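There are structures below to look over.
What follows is a pair of complexes built around chain A, which joins chain B in one and chain C in the other.
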Partner chain A sequence: MPVKLKWGLLDALVVVFAIVPVLWIVSLSFKTTATLTDGNFIPREWTLDNYRTIFQTDQFVRALVNSIGIALISTLIAVVLGTMAAYAISRLDFPGKGLLVGVSLLIAMFPQVSLVSPLFNIERQTGLFDTWPGLILPYITFALPLAIYTLSAFFKQIPWDLEKAAKMDGATQGEAFRRVIAPLAAPGVFTTAILVFIFCWNDFLFAISLTSTEQSRTVPVALSFFTGASQFEDPTGAISAAAVVITIPIILFVLFFQKRIVAGLTSGAVKG
Partner chain B sequence: MTAVVEKPRKAARSKVALSEGKRQERRLGWLLCAPAAIVMVAVTAYPILYSFWLSLQRYDLKFPGDREFVWFDNYITVLGNGYWWSAFGVTMLITVISVVFELVLGMGLALIMHRTLIGRGLVRTSALIPYGIVTVVAAFSWRYAWTPGTGYLANLVTPDGAPLTERASALAIIIVAEIWKTTPFMALLLMAGLALVPEDLLKAASMDGASAWQRFVRVMLPVMKPAILVALLFRTLDALRVFDNIYVLTNGANDTRSVSIIAYDNLMKGLNLGIGSTMSVLIFLTVAIIAFIFVKLFGTAAPGAGDEGKR
Partner chain C sequence: MADIVLDKVTKSYPDGTIAVHGIDLEIADGEFIILVGPSGCGKSTTLNMIAGLEDITTGELRIGGERVNDKAPKDRDIAMVFQSYALYPNMTVRDNMGFPLKLAKLPKAEIDKKVGEAAKVLELTDYLDRKPANLSGGQRQRVAMGRAIVRNPKAFLMDEPLSNLDAKLRVQMRTQVSRLQKQLGTTTVYVTHDQTEAMTLGDRVVVMRAGHIQQVGDPQTLYDKPVNLFVAGFIGSPSMNFLPATVFPGGLHTPIGDLPIPVKDNAPKDLVLGIRPEHFEDARLVEEALRPRGFEFTLPVDLVESMGSDKYVYFTVEGGKSDLASADLADLAADAGGADLPDQSGLVTRLSAESRVREGADARIWLNLDKIHLFDPSDGRNLTLD
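Then we have the complex of A and B:
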């Protein structure tokens, strides 16, 4: 079976390409201090010390709470606002629709670093600097185009005749949306939520520019500030362990929702 | 097909006086879009205008008393500065090289994900890992891999050097990290285009004696053109923002700063809002110009641009 073998080899190549850097950081996180710098891909001595260390430091635990909280709240708000807008875009006829689509496209391409200086100053003056809302606001903004595109694509595939039927039975547009369309749209909304969460979870630029203390620092930023338990200790093990911890949700999403994520990313982008 | 039939009817309807239901639909449309539109405009349009205003002032947080309106002096300062142009060059270099590699590799990955006979789920799942993983995490993995002594790659490839401390090799590593992280995203966008290629057409071409390469160039590529342009546009503009990888891998040492890094440094280390805002505006203009060129050169293949018209 040379054809299957050929595909098998190509598949293997992709898998190796994708997971070697991840396995490497996992390997580092399990190495003991003594073997940390031996350069071996597989640890010679295994230990959980690095994980124990990070969960005992406030620096990491606070950051993890911040990361989870900020990402979840941003996702929730972005998906709710995105669902409303995407429903209107895919279903309703109103002037200004093209403008909204255009604006979200512009924001999807917007250089985020351009906002860092002005937002820093605005947030400093309004007291939003170094708070959860101070990060949630830009996250929602940049997640919205993604949410609107993905959701509009999903909504266009829904059998909308059901909505008409509901309206004929006396339901208002709002009721038709809540009772009939919302359940049908749920899978698309869920997929969008995953994509938006990944986006918020990933952010580094806003998180490092708009925070200054543990009060709202997220894990990617905390990682870059890790110094180890004492000043002279090499933080490599701790950073690796923390890196693995924040990779776990991503791995779970990918393992369980691969089909949805692929569908979400491919449907929003190109519609012929 | 249905949409094509429906369109003229809709247009005709809107010419007559708006019915009550029609007006209600409009109001609901605006109502549903308003929150999203307000947030997006408030957090981007207002700050970028504010940024322009700040860029016309001498405004250093270390010397707040010296704040003064100086017109375009900051622009002269930035544009006459070697570090800015070095960062600009580095950004362009990283963007061009990584996007070219990603296009080629992404096309290969898309073909594998789309056509493989075995283990399709496995391939797709693994390909999503680089897409989903936190960039900072991946960057640390690459950094430790290239740290002399600690890293498997450093010991293997450069046993007696420190690749992250030399400009050329550090840039190469940054580019590799970028390519690794975003090739799957490129591949997914391309796969969407690949799904549009009609199987019959490929079979017919194959029966007419077209080789695999000919089928790819003559049949697949033309159909995929819009998808390729969208993928290129998105990835180019995304690559121009490169920040996380450089921050972790070199922190801009040895002239590896990108424009994002230099703007960040100016704000956070220099606390110079005037100069930082000037860079913000310049980066914004650069991106706007590149996006404009893309759309002009390749037509309105971008999503949304012809969203309804195309159907």
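Then we have the complex of A and C:
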């Protein structure tokens, strides 16, 4: 019992540590400008003004659309490419395999900030600057190593015998992948999709460097451009409200896919 | 249904290792043939080549008279049962068994009918809607068999299908596999490393070692007339006893005494003597008429294991195995894990249950000289065969 209690306390501590800052933001987003700095955790005066403000500005709504669009497209492309690459890496022996794995690891290790200036220049020359593809491309580049690594770990867990069995049962390579391997890899694909989506959604560095107008500005950047009603007013309340709003898609995304991440989906395939 | 012919089939890998050295084998229609050998002998590679999961480097494979070297597994119309069963975990038992039929685009009613029939034969009817994760080991094994039999293939390939079951279930399933094969009459190639399975199941057994076929024959022939030291030691449990022997005029000098048997003139001076455990007997229990055809010796008993029907009696022989040097014996020892055992030679004998031998005491043992084998240690050849 004491052991259980100890773990319970530890768990509670971790949860509190993670959730207090979030609740704080939520609390701020419901406070009026006057009571913003009163130091109370529970607002004394509740208001929805902050939320009204952000949805009245085109700037935020437009940024939200940009964020959702850019993150979804990047996730889709990265996961599709990553699935194919990871399958090849975990199943096939082809020349240059070591090089491919090495290069993707190298990309993952590359400090992103060092690429911002060259990317800025390249994108301005090629006309990609301040467009959706201008953000989608670098996101895919940096999300791919993540996708490949997560997915190849999942593919390696799937017993190879299953594929051989499918071939013996009369399946072509494509049918074996589609009807046997892909359903089993689904939890891995969804996990990867969540990770990639969060990576794209949260990015600030590329978004602020490679955009200049609200045409392609994403939410994290739009937040930094928020201004108060007057120049003497701090937009803390509005920023908090926006921060709360942009966590909602992530929560929805995770909840939606979580159902599909059933651990132990491959159990029973082989002995044991 | 069809016959399978392997014509000088070789498998080599890009790094130069050769897994299978030009083997020739003709498997008749409806025959149950066993490939047996220690791990790494090329038996699974051979099976995979028949299946089409591995390419054949040189040589020709014919199924039903047709060359299939370049055909994909799905076009060869053969079914395979894997050691790991390889059931599709996301499908129910019904879908698992129906998968090959679904791929063949059969109408749904017919699939249901065939799956139902196969399930009945394998006693799986009550489990059709379960997922593999909720089945016991034996049930999973039967589903794997079911997936193979539903579509009436030309041949079954089985890759150690029983090795993941516990001992009791394995014996049960062995009988079931054998009965099923007789019932269906489908050509079957079965790979195992377990010589008991090989002896009990097969119409014919192929003993392989290091990519070469050592001997092909029915189980009794392999047991009675092994062509070499390796086959002699591999087939039979407990395995054949080997002792060093030296030729002298009038007989053989061995650690258990001088055996009065004639040796062919062309035989080398140093030989390996092979005796199966059941060819020993407690000297007191041997009938008078048989006595002169054997040889008697006395040794202290190490250990007695009473099996009820017989007694296994173990002896230590001075100057035994340490003097034996042969590639065949080294392979056998490696297979049995015997390379790690202390270097002393034991003799295993199977005596009648009535025998009164006791541990620690000396025992008078009779050995049937008609049944001994002599091997050439340099190449392992059996010199007692004509």
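In this section, the second predicted complex is superposed on the first by the 241 of 272 C-alpha atoms of A that agree within 3 Å, B and C clash if a C-alpha of one lies under 4 Å from a C-alpha of the other, contacts with A are read in each partner's own complex, and residues count from 1 in each chain.
Here, contacts are C-beta pairs under 8 Å (C-beta built on N, C-alpha and C of every residue); 3 or more make two chains touch, one makes a residue touch a chain.
Computed from a prediction, not measured in an experiment: that's the story for all the values here.
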After the superposition on A, what does A:223 contact: first (chain B), second (chain C), both or neither? first
For A:164, is the partner it touches chain B (first), chain C (second), both, or none of the two (neither)? second
Applying the document's definition of touch, where does A:21 land relative to chain B and chain C: first, second, both, or neither? first
Can you give me the overlap between the chain B contact set and the chain C contact set on chain A? 265-271
Quick one: in the complex, what on chain A touches chain B? 3-4, 7-8, 10-11, 14-15, 17-19, 21-22, 24-25, 28, 36-41, 81-82, 84-85, 87-89, 92-98, 100-105, 107-122, 137-138, 140-141, 144-145, 148-149, 173-174, 198, 201-202, 204-205, 208-209, 219-220, 223-224, 236, 239-240, 243, 246-247, 250-251, 253-255, 258-259, 261-262, 265-272
Where on chain A does chain C make contact in their complex? 159, 161-162, 164-172, 175, 179-180, 183-184, 264-271
If you look only at chain B, which of its residues touch chain A in the complex? 10, 14, 22, 24-26, 28-30, 32-33, 35-37, 39-41, 43-44, 47-48, 50-51, 54, 109, 112-113, 116-119, 121-138, 140-142, 144-145, 149-152, 154-155, 180, 184-185, 188-189, 191-193, 195-196, 226-227, 230-231, 233-234, 237, 240-241, 243-244, 247-248, 259-260, 263-264, 266-268, 273, 276-277, 279-281, 283-284, 286-287, 291, 302-305, 307-308, 310
Quick one: in the complex, what on chain C touches chain A? 51-53, 72-74, 78-80, 82-90, 99-100, 103-104, 131-135, 137, 140, 147, 151, 157, 164
